[in-house]
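I am attaching a structure below and will ask some questions about it afterwards.
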Amino acid sequence: MTQPQKHTWKTKLHEIIYEADTPAGKAFDVVLLILIFLSVVLVMLESVSSFQAEYGKYFYIGEWFITIFFTIEYILRVISIRKPTAYIFSFYGLIDFISTIPLYLSFFIVGTNALLTIRALRLLRVFRILKVTRYIGEGNKLAKALKDSRPKILVFLFAVMILSVIAGTLMYIVEGPEHGFKSIPVSIYWCIVTLTTVGFGDIAPVTALGQFIATVIMIMGYGIIAVPTGIVSAEMAKGNKPQPDPQKLHLNTQVCHNCGSKKHQDSAKYCHQCGYSLHYE
Amino acid sequence: MTQPQKHTWKTKLHEIIYEADTPAGKAFDVVLLILIFLSVVLVMLESVSSFQAEYGKYFYIGEWFITIFFTIEYILRVISIRKPTAYIFSFYGLIDFISTIPLYLSFFIVGTNALLTIRALRLLRVFRILKVTRYIGEGNKLAKALKDSRPKILVFLFAVMILSVIAGTLMYIVEGPEHGFKSIPVSIYWCIVTLTTVGFGDIAPVTALGQFIATVIMIMGYGIIAVPTGIVSAEMAKGNKPQPDPQKLHLNTQVCHNCGSKKHQDSAKYCHQCGYSLHYE
Amino acid sequence: MTQPQKHTWKTKLHEIIYEADTPAGKAFDVVLLILIFLSVVLVMLESVSSFQAEYGKYFYIGEWFITIFFTIEYILRVISIRKPTAYIFSFYGLIDFISTIPLYLSFFIVGTNALLTIRALRLLRVFRILKVTRYIGEGNKLAKALKDSRPKILVFLFAVMILSVIAGTLMYIVEGPEHGFKSIPVSIYWCIVTLTTVGFGDIAPVTALGQFIATVIMIMGYGIIAVPTGIVSAEMAKGNKPQPDPQKLHLNTQVCHNCGSKKHQDSAKYCHQCGYSLHYE
Amino acid sequence: MTQPQKHTWKTKLHEIIYEADTPAGKAFDVVLLILIFLSVVLVMLESVSSFQAEYGKYFYIGEWFITIFFTIEYILRVISIRKPTAYIFSFYGLIDFISTIPLYLSFFIVGTNALLTIRALRLLRVFRILKVTRYIGEGNKLAKALKDSRPKILVFLFAVMILSVIAGTLMYIVEGPEHGFKSIPVSIYWCIVTLTTVGFGDIAPVTALGQFIATVIMIMGYGIIAVPTGIVSAEMAKGNKPQPDPQKLHLNTQVCHNCGSKKHQDSAKYCHQCGYSLHYE
């Protein structure tokens, strides 16, 4: 009990940055959320050549402002946790690092295009913050329904793949490179475009036989789309029925200062992972 | 009881315009419905340049006829209600005004194109009239199913958005401006076109890697479409089960003369909002 | 009981043509089915100009052969029923007549293109014959599920229509005739193409705002497609539950000689419509 | 009991090749699976002209290596079974033969393009191996749901076909060959492209009437897609309910040495098809 009191400012920082139980913690999350969205909008606008030509330097300044904020946040996150490596090598720790570093790199090394992607990864950080919001319950239900139907969906996808390879090969032979079906992989691409009812039309069958096979593929796709829908509907309907839900047990947003593990019960006094005390005044 | 008798013609007018319990009230609604549809058809036909060239002046006359009718209707609505401001600043009151005024404005001020849109808003007035019909029950059920599944759908849409931004950025890097993916926003647009299985084909991947990513996006879209369907199906199935329905309580189309509030029970004697008497001979 | 015996050949003819209880009746139906399909295939092949150029005269001969067969069938149908007008002015009676007459007309009057359509109506005759087969049970279930969900689907379609008109008008103003959105009706057509996720790509938004609105329409379409699916799924699921089905009562294919009404019970002795005896040896 | 001991090596070979109960049997299946996928990837890469030009000879060597392996496997399969004809003329026996022979044929006879397809049939062999894996349970459920809804789906497809023929004929008359609707079969092809919401856009209506009919077809397609989804959803939901499942009875992967029949119970001592002993030490 005495040990945590040594680092009172660290404790407070930890509460603000990692948790959302206090007003300061909530405010911090909101600011972070806004900056992440601003940052992603910036990356988007930079890619529009006419905007980049006119407002390029403002984008650059904004980008530096956001990057410095994220850098400070990253350093504070490392400082305020007891076991920094637990954060640094966690999934979100790596994303935080990878999405912050590109601008510094581009300052010294040339190669801006590849860095664009990496900055877009910042968007994934949104999920960490949203874990705190009330929508997470619905998200969990959706994720659960999807997870429960995973074996069915995998079998289904596997069947779609094999069907696409066989139908694609067939179309390659029937239509051939002269009608846009340049190779078997391209034909398989076309086949999936058709089967999923997307139908770009960049490649389309020209011969009568090709159009007939396309018709069969389309009607199969029409029927096949019913399968994932049926799977998820059935899972969803199951989920609607009253059933004891282990998710209902209330878990707060406290994070252990020692090991960084989350989701402690309201009544918890010690971390359920490392046994470290959760109480510090 | 004596007060309403002073304005017998107003009372009758109110019954005709705002309610659909009397034959005159029903007839008025039917006439209004026909004029609204006529008016929308007129706006459509005017936009076809060959029709406009040939029949332009007839359209103009028809438009003035309809506008004058709607103007008179608007004035009568204001007169026949006890608290005109309650109507004027209600949702439908504003739509009535906004969709009637453009022609008068265009008579004095130039700028016809922008006015076209506003006149199309008249279509929204249809919903007020349809509130009276028997289909409203089904509409309510649909709306309820959609409303109940709103949190799930919002979470789902949010996930789709983030997925689109990440996939769009990826495609921008892989395909680049030379293959039509001019900027990240355009790539995101393409990504949503693909994910929703619309597939215009105005932009389509050309490189092998781009086509592979497109394939993954399409199959994800194929699976993802199952989610809203599953959500609504499950809600719908729930709705089918016998359950006490508060909607079943019969509400008539009477509208209070004083405050304009609707949906009074058949046995009601006084407005449930302002206590004003509903009986006037 | 004595009266029907006078026309024994008529009675037999009636059984063969109108019913499918006897081997001869079944054989007749199969022959008819084959000829209808042959006839439709003929109409299709005639439309392919290369086939028409080469085999045109064989098609012509085949067409005359089929038409004469259908003419004889039509005459026999009229003769073998007691009240010919009941057949002639029935739905299928009119289709039989309309789909047989075009070739005779084309022999005297010029105007072949319009006749093509009418001959394709023969396809509808298939449904009369199929009423006899075992698939009709499943067809009835499907039709019932669709019929029961009709009010919901109508409300849904109405909402889609109004949405399309408003979104179409918006796109007409945003994109305008110079980007293919030539008039409001064309914009509405595009809007439905997009909302239903068909996406031909003959018209596609070019401006940034247009693409943004298109994105919103697509995502709405994506969500909206869940509604009819949910409706039918829920109806379907209801249909799966055991329930007393009035359809289960076995009805045979006998047709009254007097009034032509169908679906008599196995135990029936007299027509349930006109009271005429169903027994004749 | 004495008879099988004569062929101990055959017995072991049989266990390795036909069964997956022993480690050797599992390892053999994994090797086979990898080689099949490698082989299919080879066929795909060969079709890409740039790869074929550069790495053609390596592909050729790889193809011979795989073909020789499959040839040896085929011979071993024939040897290790007691009744070789039962294997040779079984579905998978024929596929094994047909997908192995092309390379030998192409060595003596010219005609490589047609052989490409046949080699792609190797992919079907994957299903035999997968029968052994744990996903087969989910696959069975899916297959059962699809099989149970087959009569409904057939009726549905039949209705779609007739609708397509009638709508296709209509579009051929309205739009005609000058707008891409070259013949009735092509119009039907377009109609199915539209009805299934694929929408390539290689053919698109140009006239106002054609676009109106297209709109109707699309909205019908939008509604119709709900039907197969509803059917499968309902079947799926039924499948989720607890019910006695005959599939649950555990069947191992032993295959009779005499007749090749599969799926014996764990406790079985004699083949349930030919009565031949399943025990051999």
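Here the chain labels run A, B, C and D in written order, and each chain numbers its own residues starting at 1.
FYI, a residue touches a chain if its C-beta (ideal position, glycine included) is under 8 Å from a C-beta of that chain, and two chains touch if they have at least 3 such contacts.
Values in this document were obtained by computation on a predicted structure and should not be read as measured data.
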Checklist entry - Of the pairs A-D, A-C or B-D, which one shares over half of its contact pairs with A-B? => result A-D
Item to check | Interface with more contacting C-beta pairs, comparing A-C to B-C | outcome: B-C
Item to check | Distance from the mean Cα position of chain C to that of chain A, given in whole angstrom | outcome: 48
Checklist entry - Taking each chain's centre as the mean position of its Cα atoms, how many Å separate chain B from chain C? => result 34
Checklist entry - When you check chain B against every other chain, which residues touch at least two of them? => result 185, 188, 197-201, 225, 229, 231, 233-234, 237
Item to check | Residues of chain A that touch chain D when the two form their complex | outcome: 151-152, 154-156, 158-159, 162, 165-166, 169-170, 172-173, 177, 182-185, 188, 194, 197-201, 204, 208, 211-212, 214-215, 218-219, 221-223, 225-227, 229-231, 233-234, 237-238
Checklist entry - Across the complex, what residues on chain D touch chain A? => result 40, 43-44, 47-49, 113-114, 116-117, 120-121, 123-124, 126, 135, 138-139, 141-142, 145-146, 153, 157, 160, 185-186, 188-189, 192-193, 196-202, 225, 228-229, 231-237, 239-240
Checklist entry - Which chain B residues qualify as touching chain D in the complex? => result 197-201, 229, 233
